[in-house]
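Same chain, two partners: chain A is paired with chain B first, then with chain C.
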Partner chain A sequence: MAEQLFYFLIFPGLLFAAVVGAFLSYYDRKITAWVQFRKGPPLFQPFYDFFKLLLVKETILPKYGSKGVFLAAPIFAVFGATAAGVFILLPLLGIETGFNGDIIVIFYLLTIPSLTYIIGSLASGNPLAAVGGSREMKLILAYELTFLLVLAGIIQKAGMTISLNEIISFQTINGAFAGSISGIILFIVFIFCIQAKLALVPFDMPEAETEINHGIMIEYSGTPYALVKLAKYIMLFILPAFLISLLWGGLNFEGIHILWSVLKILFVVLLLTLIRNTNPRVKIKQALRFFILWMNLLAILAIVLSYFGY
Partner chain B sequence: MGFKEHCFKKSLWLFHFAGASCNNCDIEILDCLTPRYDVERFGMLLVGSIRHADVLLVNGSINQRDKSRLLELYEQAPKPILVVAIGACGCTGGIFAEGNTFAGPVDKIIPVDAYIPGCPPKPEAILAGVVKLLNK
Partner chain C sequence: MVKKTLIPIGPYHPLQEEPELFKLYCEGEIVKDIKWETGYNHRGIEQLSEKKTYDQSFFLVERICGICSTSHPFAFANAVEEICNIEITNRAKYIRTIIAELERVHSHLLWVGLAGHFLGYNTVFMWAWKYREPVLDLFEMISGNRNSYAMFKVGGVRRDIENNKIPQILDVLSLVKKKTDMLVGAVMDDPVIHARTKGVGILTKQDIIDFAAVGPTARASGVAIDVRKDDPYAAYPLVNWKVITAQAGDVFAKAEVRLLEMYESISIIEQCLEGLKKEKEGEINVKVKDIPEGWGTGHAEAPRGEVFHYVLSDGSNSPARHKIRAPSYTNIATFKKSCIGQTISDATISLAAVDPCYCCTERMAVAYDSKTGNKIMNGNELIALSAQKTQNIKNQI
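Then we have the complex of A and B:
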């Protein structure tokens, strides 16, 4: 029991994932600043933001909303993100092997943060938050099938195993999936799914800062918003980690391989940041079309290719 | 300086309220976010929702109609909140001070923590005002 609690709360769960995620968020903002020829924030900026919101700011409850649900939603978001993080990171860091079928569980747990954002935004009783919530809902409908197809492709490539640990060890023996044509296609589709899951720019219409003033987050302030930030930091770390463990051979922490592992994560986050900085926000209709038509077609193509051994 | 205060000063999120301004101050405020001045160096971000704001930037003359909105915004903001009056209009009323819809400079309506005069103030002046606010 104590061991499980340690896994969940400290390493590799809440504390570890949040700290790494916060540094990745700094990295993301710094790269953004460089792309725009600015200097960017100081190193501990995400921590300042988080502690300011947590400790200093007042929490305001919406007058015409459902207060309990409004406050509970961020807690569940952190819980979902952490649980998914534990199941991803335990096999990835080689601490425990996980169990058979854990990628299905991870798939569901990864949806929880987005779902709770929707619930929280609808509970706040703000019309702009409702617009954001409905957009997030449509976005989930769009990318979730694609995400499932990508997982199906990976499961097929790994010889029909649904255990994360076995997929990683399959890649250590036979080489990373990203080295084949179908693997590269799956990698591209997966990157776009992460982009939509994190609500980064081409798919940030639920938050659309300039259009509906942070949409789903509009009513959050103080401690609940700090928890939302925390969930976002964790997601920014575990989604690239999930991608790496499924398609890029996992991480390795022996000697010089540590450097290579860190570079892998930084590279995936760099890709996400560059996509977010070089694209405009699309309309929700375009996003639906992008995922339901093109990305699904690509994913199916990858599955067919991998069936024929490419 | 305590840990809380340090975090607060290192991460001020700005919310921009423009009264009946001539639009010149607005442009100078936005200039502060551009690569040349880049206030993100100090951890500042422009946010779109008053619920996330730590600093309320008010510029332009406040007329009868703006007054209630400014008050409402101030009440909606999570405390602690700092208020900065930007431009001659925000500080004193400037050229609009004699107008018949004018409802008083900002500090008559809500408490103001820093004044940045100028018509419009240069981005450098705005940054200097912000630094003074941080050292207060």
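Then we have the complex of A and C:
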């Protein structure tokens, strides 16, 4: 029991994932600043942001909302993200092997933060938050199917195993999936799914600042908003980690391989950052079309290609 | 019957820097009806101007708009010079034109950046504003100020552009031109920007005529209205340039018109600098003794459209009546046409596409009772009303 609690709260769960995620968030902001000819934040800025919100800023509650649900939503978001993180990181970091079928569990757990944001925004009673919530719902409908198809493609490539650990060891023996044509296609589709899951531009319409004033997050302040930020930091780390473990042969922490492991994660986050800095926000209709038509087609194409061994 | 939700833009909203309130009545995400309230930023400019001398009024009207801060003095100077019936020197004309066109370049760059920001494309925002910096530095070199240049006066300009500064100005212009090329490439060829702006917020030619819209908003719908061509003033008849129009009337066309207008502005400035070399240095002023009785009108093409000033003089040293009309006065109204039936995401960018400026256009009307001749609402009553409303809000809290 103590061991499980340690896994969940300290390593590789809440604390570890949040700290790494916060540094990745710094990296993302720094790269963005370079692209935009700005100086960028200091190294510990994500921590300053988090602790200021957690400890200093006042928490303002919406008058016409369901306050309990509104406050509970961010807590569930953090729990969902952390649980998904533990299941991803335990096999990835080589601590435990996990269990058979954990990919399905991870898939569900990764949906929890988005769902809680919807519930929290609808509970706040703000019309702008309601618009944001409805946009987030449509966005989930758009990308979840694509995400599932990508997972199906990977499971097929790994010889019909649904255990994350076996997928990683399969790649260690036979080489990373991203080395084949179908693997590259799945990689691209996966990147776009992450972009939508993290609600980064071009898929940031649930939070569109200049349209609906931060939408789903509009009523959050103080401690609950700090928890939302925490969940976002964790997601920023575990989604690239999930991508690497599924398609890019996992991570290796022996000697010089540590450097490669770090570079892999930084590269995936760099891709996300560059996509978000070279595109305007699309409309929700266009996002639906993009995922349901084009990304699904690409994912199916990849599945067919991998069936024929490419 | 679908229930309509009220989605507010304002009074404080990240979309617009100024306070305003647009109430969008939406079904789902589709805007069905709008209402708007402005008047948060009334500054009493016209009344103030009537209490200042002509020389002071130039500094006042310059502060009507922070971005097009030359177009208002320009129109005011045209109006006052019409009363005095004086012709300014060619050198002053060229300098006035150079300042006005440089301002158009920086204002359009500013708009392109903001439009990028509204679309969530912050890289364009930062880049456009970075390339706007050299233009502001140029202003600092010419006039001593980055904004609010204080260059205009009755009968000419306050500062000369010495001929030895011309090569430096040309250097900056060629840099800005190069960067504009890059920006035009980045905006015009981006498929995602096309998807977001094409066919959005369409204003037809008839809409423009109905709402009497002006400036790039009108020109993007194929209405070639431009004061610089229609009623030439200053050095515009002396240089060679063309009015940019587009036909589509959507947000993309408005961006296109603004981006291409920057090239025209740069070409006008280059020709003016050529003209400046032929004129004798220092001849920038015509002596004006006093302003005679009478009235005059003046207009100028601001980056957002026509600015109109009416000045009535009673022979004293300050205007007896000063009426100002900013381009946003007609342009904001087109939002009612362009947003209904669109989604919220499209409505916000179609509002931003006319580049509205609320404080410039806000005026107050006073009603008089036709029988007794009394003001129906005087100042004290307004203060009492305001105090009462504050009290009501306090009671609600």
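Heads up, the rule we're going with is that the second predicted complex is superposed on the first by the 310 of 310 C-alpha atoms of A that agree within 3 Å, B and C clash if a C-alpha of one lies under 4 Å from a C-alpha of the other, contacts with A are read in each partner's own complex, and residues count from 1 in each chain.
Here, contacts are C-beta pairs under 8 Å (C-beta built on N, C-alpha and C of every residue); 3 or more make two chains touch, one makes a residue touch a chain.
Quick caveat: nothing in here was measured; it's all calculated off a predicted structure.
Undergrad: Should A:Tyr220 be classified as contacting the first partner (chain B), the second (chain C), both, or neither?
TA: After superposition on chain A, A:Tyr220 lies in contact with chain B alone.
Undergrad: Now for A:Pro127: first (chain B), second (chain C), both, or neither, which partner does it touch?
TA: second
Undergrad: Quick check on the superposed pair: does A:Ile162 touch chain B, chain C, both, or neither? Answer first, second, both or neither.
TA: neither
Undergrad: Should A:Leu115 be classified as contacting the first partner (chain B), the second (chain C), both, or neither?
TA: Neither partner.
Undergrad: Looking at the overlay, does A:Ile184 come into contact with chain B only (first), chain C only (second), both, or neither?
TA: After superposing on A, A:Ile184 lies clear of both chain B and chain C.
Undergrad: Now for A:Pro202: first (chain B), second (chain C), both, or neither, which partner does it touch?
TA: In the superposition, A:Pro202 contacts chain C only.
Undergrad: Just to be sure I read the superposition right, which of the two partners does A:Ala72 touch: chain B = first, chain C = second, or both, or neither?
TA: neither
Undergrad: Looking at the overlay, does A:Tyr48 come into contact with chain B only (first), chain C only (second), both, or neither?
TA: The answer is first: A:Tyr48 touches chain B but not chain C.
Undergrad: Check the residue A:Val282 against both partner chains and state whether it touches chain B (first), chain C (second), both, or neither.
TA: A:Val282 sits against chain C, while chain B stays out of touch.
Undergrad: For chain A, what residues appear in both contact lists, the one with chain B and the one with chain C?
TA: 36-38, 209-210, 213
Undergrad: Report the residues of chain A in contact with chain C in the complex, numbered from low to high.
TA: Those residues of chain A that touch chain C are 32, 35-38, 127-128, 130-131, 134-135, 201-202, 204-205, 208-213, 277-286.
Undergrad: Note which residues of chain B are touching chain A in the complex, please.
TA: 3-8, 10-11, 35, 38, 40-41, 43, 47-49, 51-52, 54, 76, 78-80
Undergrad: Which part of chain C faces chain A closely enough to touch in the complex?
TA: 5-8, 13-15, 26, 28-29, 116-127, 130, 190, 192-193, 195-196, 343-346, 348
Undergrad: Quick check on the complex: what are the chain A residues that touch chain B?
TA: 29, 33, 36-42, 44-45, 47-49, 51-52, 55-60, 209-210, 213-214, 217-222, 225
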